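The first chain written gets the first letter, and so on, giving A, B, C and D; residue counts start at 1 in each chain.
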Amino acid sequence: MTTIAFLGLGIMGAPMAANLVRAGYDVVGYNRSPARAERLATLGGRAAESIAAAVGDADVVITMLPDSPDVEQVALGPDGVIARARPGALYIDMSTISPDFAVRLADAGRAAGLRVLDAPVSGGEQGAIDGTLSIMIGGDPDDVAAAEPVLRAVGSTIVHVGPAGSGQTVKAANQLIVAGTIGLVAEAIVFLEAHGVDTERAVQVLAGGLAGNAILNRKAAGMLRRDFTPGFRSALHHKDLGILTTAARRAGVVLPLGTCAAALMASLTAQGHGDLDHTALLKLVEQLSGRSPADAES
Amino acid sequence: MTTIAFLGLGIMGAPMAANLVRAGYDVVGYNRSPARAERLATLGGRAAESIAAAVGDADVVITMLPDSPDVEQVALGPDGVIARARPGALYIDMSTISPDFAVRLADAGRAAGLRVLDAPVSGGEQGAIDGTLSIMIGGDPDDVAAAEPVLRAVGSTIVHVGPAGSGQTVKAANQLIVAGTIGLVAEAIVFLEAHGVDTERAVQVLAGGLAGNAILNRKAAGMLRRDFTPGFRSALHHKDLGILTTAARRAGVVLPLGTCAAALMASLTAQGHGDLDHTALLKLVEQLSGRSPADAES
Amino acid sequence: MTTIAFLGLGIMGAPMAANLVRAGYDVVGYNRSPARAERLATLGGRAAESIAAAVGDADVVITMLPDSPDVEQVALGPDGVIARARPGALYIDMSTISPDFAVRLADAGRAAGLRVLDAPVSGGEQGAIDGTLSIMIGGDPDDVAAAEPVLRAVGSTIVHVGPAGSGQTVKAANQLIVAGTIGLVAEAIVFLEAHGVDTERAVQVLAGGLAGNAILNRKAAGMLRRDFTPGFRSALHHKDLGILTTAARRAGVVLPLGTCAAALMASLTAQGHGDLDHTALLKLVEQLSGRSPADAES
Amino acid sequence: MTTIAFLGLGIMGAPMAANLVRAGYDVVGYNRSPARAERLATLGGRAAESIAAAVGDADVVITMLPDSPDVEQVALGPDGVIARARPGALYIDMSTISPDFAVRLADAGRAAGLRVLDAPVSGGEQGAIDGTLSIMIGGDPDDVAAAEPVLRAVGSTIVHVGPAGSGQTVKAANQLIVAGTIGLVAEAIVFLEAHGVDTERAVQVLAGGLAGNAILNRKAAGMLRRDFTPGFRSALHHKDLGILTTAARRAGVVLPLGTCAAALMASLTAQGHGDLDHTALLKLVEQLSGRSPADAES
């Protein structure tokens, strides 16, 4: 029976680990605050009290952590994954970090005899609960093949996109398109409201043509109601766009729209809305246009 | 039997008029170059030699023209639609023009006893041929109800979005989102290629999540092959973004991404690529990043 | 003795007309509100009750009006300058209008036997009072030579920059650089304040090097105090940037920074700050950065 | 007699060290390629063969290096300035690095008993030769006072702008304004040329008013001739704008124009023009507008 160490049992990690338990794996959970690991134990997993205890006997190690410093500490620390996992284990980092850091992780893991994949996800909390995440994987084909049965328990779209770091590169491109599309839909909504158009019907017709996108389908209704309950927090999207713009700069790639979208998300966070859903970019377009939600109703 | 005068038998107008003939309407076609009207006659319609001759007995008049000056001449000229159509006729302008001009047209038509709708479309040549256009309509509800049976012959999504001009407003928003999304996908592709990612697989995974959009579904494959056969010409999209930015400026609406997308499309046209498909924005992102299609293969 | 009709005695026009009186010219003033013409009479000029009365005997006609519609009415109306000035008169429009409209004015004037120049100014109210305006002139060299003695009474820098419309083109470029420079200085100030730097000393050292500009020299002290008393109103600068972006679009010229600066000025106006000095762009950069003037003091 | 160790004898450092010799200081030079230190010796200085040898007896240590990794190695390396300078020595880093790194340097130096200042310069090679650099200093007031006599030998404007790191913050703001102003002037030139205006005269009148700036005064003539001999290389300005945008991001400051200018400079470098003067931004505006220098002459 395959033993999986799962490190990071937050909003995303907890339901992912639960799905792995449900799929029949022996899952050993670890989280900085131990209550979350104990909750996993009540679902049929096991709770570990340290990273070392979690990864020592694992065939597969998964990390699902908020940001690079967390991954740095958990993976590269003196008692971290790479120091303590056994040689030959498969280490899958599913956090969103920079492609550069993913390559560094892969190199450090390989030097310690591990097989390392970067496998960030999209699909949000709901996708994590439903086990329908999209997973974009960077690494060696053999390792991807080995990981696939495990990943099937948490995702429905599993795509190998290239060598180490490529998963993170695609995730950065994903965050570029998502942020930009939210911005475009927000601009369209404010433009339509300012002209007294019936926005619900307008969204319906826009969604049906070449302008159609997942934001119009899944998020525009909430935007029209000004419901910015996350979902995905602006502050995290701001972090992800920092990864994007830094990687683009290093590669000499110029992103006119991406840079603009990143500045909008940075402003949203700077103005104290980091805890709102990323669709709150609508608030920023309203602000720039001197409009308030009340104007929209008139 | 309802008689429809159809003015403007170009790439979009010709198949739309043919669909109206097929639906059993008596369609009188007019075009500046008479050969196109004669072609309609061979399909079962009738050819008129002047605007006046076409609209004199029509119950419904439709114009489908490239740009505002054409509409101005055909609709408002001394022998144009508004001067020569009979009172009570329904005049549907399906061209893409500014919301302001659409309101002016509606006012002029009403003063002459006509009922006027602005009903621009999206869906392109293929949608016109298949009769599956999306139609966004501005005008009075009664007039929209009267037009609906006719429009069913050319479109599958028919949505009344508000008073006169609203159809054009929604069309402008549509062109904003389409141009912006093309730009975002172009930036993502160049970013991915610069990092050596497998772009076909990356497009597949991006299309499946919150980044999903119609450009990824219908246009990205052509973009990856650098096939920029139109489709929809950059020069026309550039014209439409001029309508957008002017309308936004008048309404006091600030569009950071829309303005950026409009500048990119303007550059594409200024550099002599106005006859390429609008997805040729990819060429511009490559240029800015000092990359060529050859780089993409490596 | 040369008789000058001066039409438009506002904030700029009144002191300019007064300077012409002082220089010994016979100045006949006209303004929509007659009190302003009477004030000119008390300074030694004459007041006219209509445009026709003002221009009928004039050797030189000058218009100094806020916007294109004003110029259209005063110059091209049935009892306007071009209809009523005597053939051979020199007509100098010193308003800020579009280059296209200036060419149209020149054509219409020439058809009526007038010699027409576009001669917009920079230098503001203080420059008008002091007679030290910069004047950029488009038109025929002979006409410029004829105008020069008159213009010497109101400006200190008088430059012939090309054929009809060229004065307005250079004025548009002037407004581009001024708006952009205000934006750059505003961004620098917010950046410096956020880092706790001594901004007064920083402005001093910035002004001394390659970053030096007239905004740092003349306007930055007011910006640091958040004194946005106009000076030059944002709403007018917004109007001027509309002239710029329209002219650039027609000429196929792409202005990445100019477009961005125009969007910022549009936002300032949309947010209700059109009556503040254009340096109030600083408020917008603070807003985007989630900062207030109080933050600056800390 | 005060002994100064001067590390980094490149285009800027060599003439600065020579000016210190000329001012009567005992200057010990060190450079990775020893020929440059020997050249200093021929001017009356002394050549050291290692950093340790240079700084061991110095009262003042100055570093003038191209980029952060150079400063990291020279200042923080095991045989670097901070390890080998004697306690109480004054260490002045005049390189352009990030404010964060400058603070880190100050902290490390203080821990080793040194007094540390960040003192980047503007004014370019000519300013270094003439001893007329502008110097913006961050650090403690007493240390600034101690450094001032030395700095008088290399600069004419010497301003203390705040605590450690502040010099670099002001330098970043300087580079923001310079890059943005070059971009604005480039856009104005292309706009004017596209309209057939006499650009030399236009530059003259623009320079005289509120649009006036040091780029128009010192650089526009070269831009009109398309002479892009550096001066200051685009690649270095690109590096400096990376410092700016990173620092702004950390501080939550949103720079709409700065971000745009940084993208333009990144594109110039990505397109292989990193060795041209930064005024080559003009080439980029021409490219975006589909124009070539030949168009300008017509």
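Throughout what follows, contacts are C-beta pairs under 8 Å (C-beta built on N, C-alpha and C of every residue); 3 or more make two chains touch, one makes a residue touch a chain.
Predicted model, so just to flag it, every value in this text is computed and none were measured.
Common partners of chain A and chain B, by the touch rule above, are C, D. More inter-chain C-beta contacts link the pair C-D than the other of C-D and A-C. Chain A and chain D have Cα centroids lying 40 Å from one another. Separating the CA-averaged centres of chain A and chain C is a span of 52 Å. Note on chain placement: the centre of chain C and the centre of chain D lie 37 Å apart, centres being C-alpha means.
For chain B, residues touching at least two other chains, in rising order: 252-256, 260, 263, 267, 270, 288-291. Of all residues in chain C, only 99, 122-124, 134-136, 157, 159-163, 165-166, 169-170, 172-174, 176-178, 180-181, 183-185, 187-188, 190-192, 194-198, 201-202, 204-206, 208-215, 218, 244, 247-248, 251-258, 260-261, 263-264, 285, 288-291 touch chain D in the complex they form.
Considering their complex, residues 242, 245, 249, 252-256, 259-260, 263, 266-267, 269-270 of chain C touch chain B. Contact residues on chain D toward chain B in their complex (touch as defined above): 256, 263, 267, 270-272, 287-291.
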